[in-house]
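One chain, subunit A, appears in both complexes that follow, with subunit B as partner in the first and subunit C in the second.
Take a look at the complex of A and B:
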């Protein structure tokens, strides 16, 4: 018999797609009970274009190669005390927030993809989700392995897993991913694969990984670049999901539009943490938040939504607000972190002179006018031997859980607060975007675990003050939290460098 | 930048994270496996109930009747996290690649007797779908199980099953000169041939089981303990006895994988069974409940493969399962 030669695509399809079948001993709707209740209509799952086209053996082979290289570098990093090569120990605040907030989110993403990897009745979609589930497990695990060495030498990492479920600012990523995982499978993939991975991931990964490289952090740079090659597969999946669903039925368009609106806004609010990292936590600067937003959202995002217009999809609601806020939010957020850092697992500080100048240059329209004077006032208090700390946690938004430091776009002196009444209760929001999300699913968002309220209700180990709250988080003042320049981290860092302060005097790497 | 400093200044201030210190004790270093799995799953202060199952929390111990004080006790004796897992599988796929290359180069299936290639078509190729079912079920365990040590291993197990389904596809294509019609024929058997229907019914019934630990016992212990050795040990020995090594080469992965992954299956069930008498009772009940169904599903396949020797093979399969059950502290099956 003459052997037929199969093309790569045909071979992959045979390897995967022919495997599933229409069940008859159990009804399909019982085998796949969760993929219809959102109202998304799928006429033909076979129209799903597998974005990865990776058989398992190819997956094992490529990924193992990446793991071998990554762990060789992590091993040499710890053997050679690679932590000594970072720019300045202030940089570690970015890593601590990553380990406390983002590494658990990688894990949640992994579990969410396990769930949808079971829920979709289309075999191709299921396999794509399972592979991403495995990738996300990789990200969580390589990150804890990269941070493990830092934990041996600095504060703020050791209690990360304890804080993750409790701390006020970690409620931002926690609620984001739990919102996605508790939604239906189509909303989950739209939120994580499309809104987060496709639309916004460059804003997360690019600044973080480049920031690590600029600041001499070999461990993070390596896991970051290694994860980025997975990320490009995930982005492909994100776009594929949205196009597939939109092409299946016109009734899907308004549902998908709502998901896109909701998750763009939630993702944008989550990224405030990244913005403040770029502008304030990196001693050597990569680019400003406003610049990154300009490139990755205003340019690339516009191009993407022009492309999606043919499906009847509009740019996400309130994206103009996000753009209008770009010159404000990071400065407002850092002021909150600076004053509330005793109730966190990281250190904060006033920007150095070179950083204030850099911020003035990058934020000419706003920084000198609204924010530099505020930092100057904190500096005056420090010169007089004080340190301004707040004595209570800020109010947080019921939806995004970000402390409400946001201001009106037409008046930066006026706090942006929205309210919504539901079943006799008043709920507070940071924005119209967050209020709309709540109003669409009040029975979901009224359930949110709001840490500041929990404290007042005595549910944080009975803590009444911020130091008591910090103790409940297992964060010790001076060791894990509070001002950087009086911290043990700073003292240890200086000791590692022969008693010298290595604080840079310029933003350039 | 390279700095020469006194080592005194770079002594670690701690050896591991608090959550691992609480497990392994103060003054000890954690392994990368421990770092990679323990306490990763969130356990409290969940924000919202799942819209797809509002009576439960997002992660909820009530999704199984098995009770453990610490679900992180369900560790993997292989200590697989992503790195060692993919590196081990990459080595095996290298080996499988050269096995398949050899099969093709020497045209080994072309020299196999029609009696045996027919048996492969009828009795082996439809197992692709059984593996797909195993992938579905293990993905369920990974999503809805409790505790990262168990669920992460379950996801690897799910991906392994997809890998096996794909190796079976390669084998089928090699048997049929790369003509994929053999796959359609196999699927038709799976869907309609009376020989396969008790098994298909079992696989579909398993897919709607809600208790993840019960599903683990049904899929990964009971069903696999019969089907995997039937196809890849006993059947393989019979083909091998004819002097043709094609099947042996094409299924080497499955044998290695079964021996290796059974250690994980057994360890998790043993941990549950020895933790509480109620668990042991529950596990015995599940074995008793599902064993007749597994027997009913597997018996026609054994008969079709071995004819007069069927009862000897069945006996060997049951004995091997009973040996495992005994080590797990569970009652033997008849």
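Take a look at the complex of A and C:
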């Protein structure tokens, strides 16, 4: 007689809860010492519902199938010189920042989920974290493989892991993940799974992968498809975490609200890097940052927080500031990248005429009034044979670590600076949101590794000037950094196209 | 509030003044001139006169700006750490009340950027 086959649900039950037990040689609180100190109260871990009910054997099967497809396409991309099909070599700045900033963050996310997978005493949560830990490791690896082909032809891809610990703009994602990893397990999952993966991930993934597709980058587009089903699993986990914790005890509500407030704001500040990619680095445009914010936060986010209202959760603090800033931050960020690019691992440039017009159209209320004149002045300097680079380190926010290019919501001509004094020392911030986060945990954020301060203290290989600092990043001016239109990348791109400048003249794909 | 932790949680600030070898770190912003998009950071001795700082350190970073040459230092309207501030140009930063991690900003009346557009 054939053996009875287990149903999916039954199998999931046996392979997760069935493998768990109450310890007797040691008390459970000693075996799992980290899942109570944050003050989150869990009455019944069995109420954890994993919506996917994926078992490890099924997980390996699905992922192996996706890997086979992905690597077949990456091989073909490489053999057919796929780099020739991208819209313009300027597009690569988006990939370089991803490779330097986000890929290491995926790896840190892997480390974080390994830790919390060990720290939760509930078996369902542990299994979900285990799978996400593997996903994140896989994403870091497949991204490196997808981008590695470009490393054969272009600058800036060669030292991502070295730069990640040293570059000023990469301390933004680095500090985000290290803040999460050094928090308790519930704060970690709320920060990464909920605030980042559930609330904000569409703003990260959608523009990036669509941007790759619009700009002819088959390698990255295929990576995006291969990661898509993982991302939807991560999003579902994020929502499940929050609902589970909120349903367990009413005392959890204020703690979770604070986590949501903090991580929404940190996530939003991190996304400035994505916004500037959409508006300035993609030669073929997908949609503007302001449009994406409208759809993915103002519409979808509002619906989500309407749903969560029944648990007593309010929309994240300062979300209205984030919305008010949507017509400004990308233009401000690109001015920083344009003026500071010699101290990075990417190239920057002035937008082409068609791009200035596209920006005017998308940002009718702000671009022509506040930002086009600034680009016009940079252009005047270029016409007269110069190229304006800043030679001074900027003020960097103590919390989000973004150089403080932000301006007051009611006055786009005035820099937004906040100060907080703690134990006799002053700290400077870009916003009320970042100051509040610091004020809640000054013992933690006073330790932040703020790049300009570290350089001035002599901790950047002794560098005191920006060229010395760039050398310490292992970035060479003209090869990996500085103006695009005088770079080796641009020269090589032209050579690949018979000596012609193939810069697009329209935003349409 | 304090950081919730599993044990004693006490660490020295990464940017404490002892790490600056007698110098201080300050930030300076020329308001309404966003060609340089961020306030700039300086490491300097607290005994430098404000005028010497402006001429020897701040000017070289801003000289490319068409309006910098028109600045009259005597008329600048200052704030220090967000509060109105009337420094003496020939006095040192220390004598003027500037401390480690201070934020200084000024406006030059009549100068509002190229074409008055804040650039």
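Heads up, the rule we're going with is that the second predicted complex is superposed on the first by the 501 of 509 C-alpha atoms of A that agree within 3 Å, B and C clash if a C-alpha of one lies under 4 Å from a C-alpha of the other, contacts with A are read in each partner's own complex, and residues count from 1 in each chain.
Going forward, contacts are C-beta pairs under 8 Å (C-beta built on N, C-alpha and C of every residue); 3 or more make two chains touch, one makes a residue touch a chain.
Just so it is clear, the structure is predicted and the values come from calculations on it, not from any experiment.
In the overlay built on the shared chain, the residue A:56 is in contact with subunit B alone; subunit C does not reach it.
When the shared chain is aligned, subunit B comes close enough to touch A:160, but subunit C does not.
Once chain A of one complex is fitted onto chain A of the other, the partner contacts of A:254 are absent, as it touches neither subunit B nor subunit C. Once chain A of one complex is fitted onto chain A of the other, the partner contacts of A:393 are limited to subunit C, with no touch recorded for subunit B. Residue contacts after overlaying the shared chain place A:364 against neither subunit B nor subunit C.
In the superposition on chain A, contact of A:447 is made with both subunit B and subunit C. Of the two partner chains placed by superposition, only subunit B is touched by A:68; subunit C is not. Of the two partner chains placed by the overlay, subunit B and subunit C both lie in contact with A:37.
In the superposed model, A:335 makes contact with subunit C only, not with subunit B.
Contacts of subunit A with subunit B, set against its contacts with subunit C after fitting on chain A, overlap at residues 33-34, 37, 184, 444, 447-449, 454. Only residues 1-6, 9-17, 19-20, 25, 27, 29, 31-32, 34-43, 61, 64, 81-82, 99-103, 105, 113-115, 117-119 of subunit C touch subunit A when the two sit together in their complex.
By the touch rule above, subunit A contacts subunit B in their complex via residues 1-6, 10, 14-16, 18-21, 23-26, 30-31, 33-34, 37, 55-57, 59-61, 63-65, 67-68, 70-71, 81, 84-85, 104, 107-108, 110-111, 114-115, 117-119, 123, 126-127, 130-131, 133-134, 137-138, 140-142, 144-145, 148, 151-154, 157-162, 164-166, 171, 174-175, 178-179, 181-184, 216, 444-445, 447-449, 454, 474, 492, 495-498.
Within the complex formed with subunit C, the residues of subunit A that make contact are 33-34, 37-39, 184, 332, 335-336, 339, 370, 373-374, 377-378, 381, 386, 388, 390-396, 403-405, 407, 412-415, 417, 419, 423, 425-428, 439-441, 443-444, 446-450, 452-454, 456-457.
Taken together, the subunit B residues at the contact with subunit A in this complex read 1, 3, 5, 9-10, 12-19, 30, 32, 35-36, 39-52, 58-59, 81-83, 86-87, 89-94, 96-97, 128-129, 131-132, 135-136, 139-140, 142-144, 148, 151-152, 155-156, 158-160, 162-163, 165-167, 169-170, 173, 177-180, 183-184, 187, 190-191, 200-201, 204-205, 207-208.
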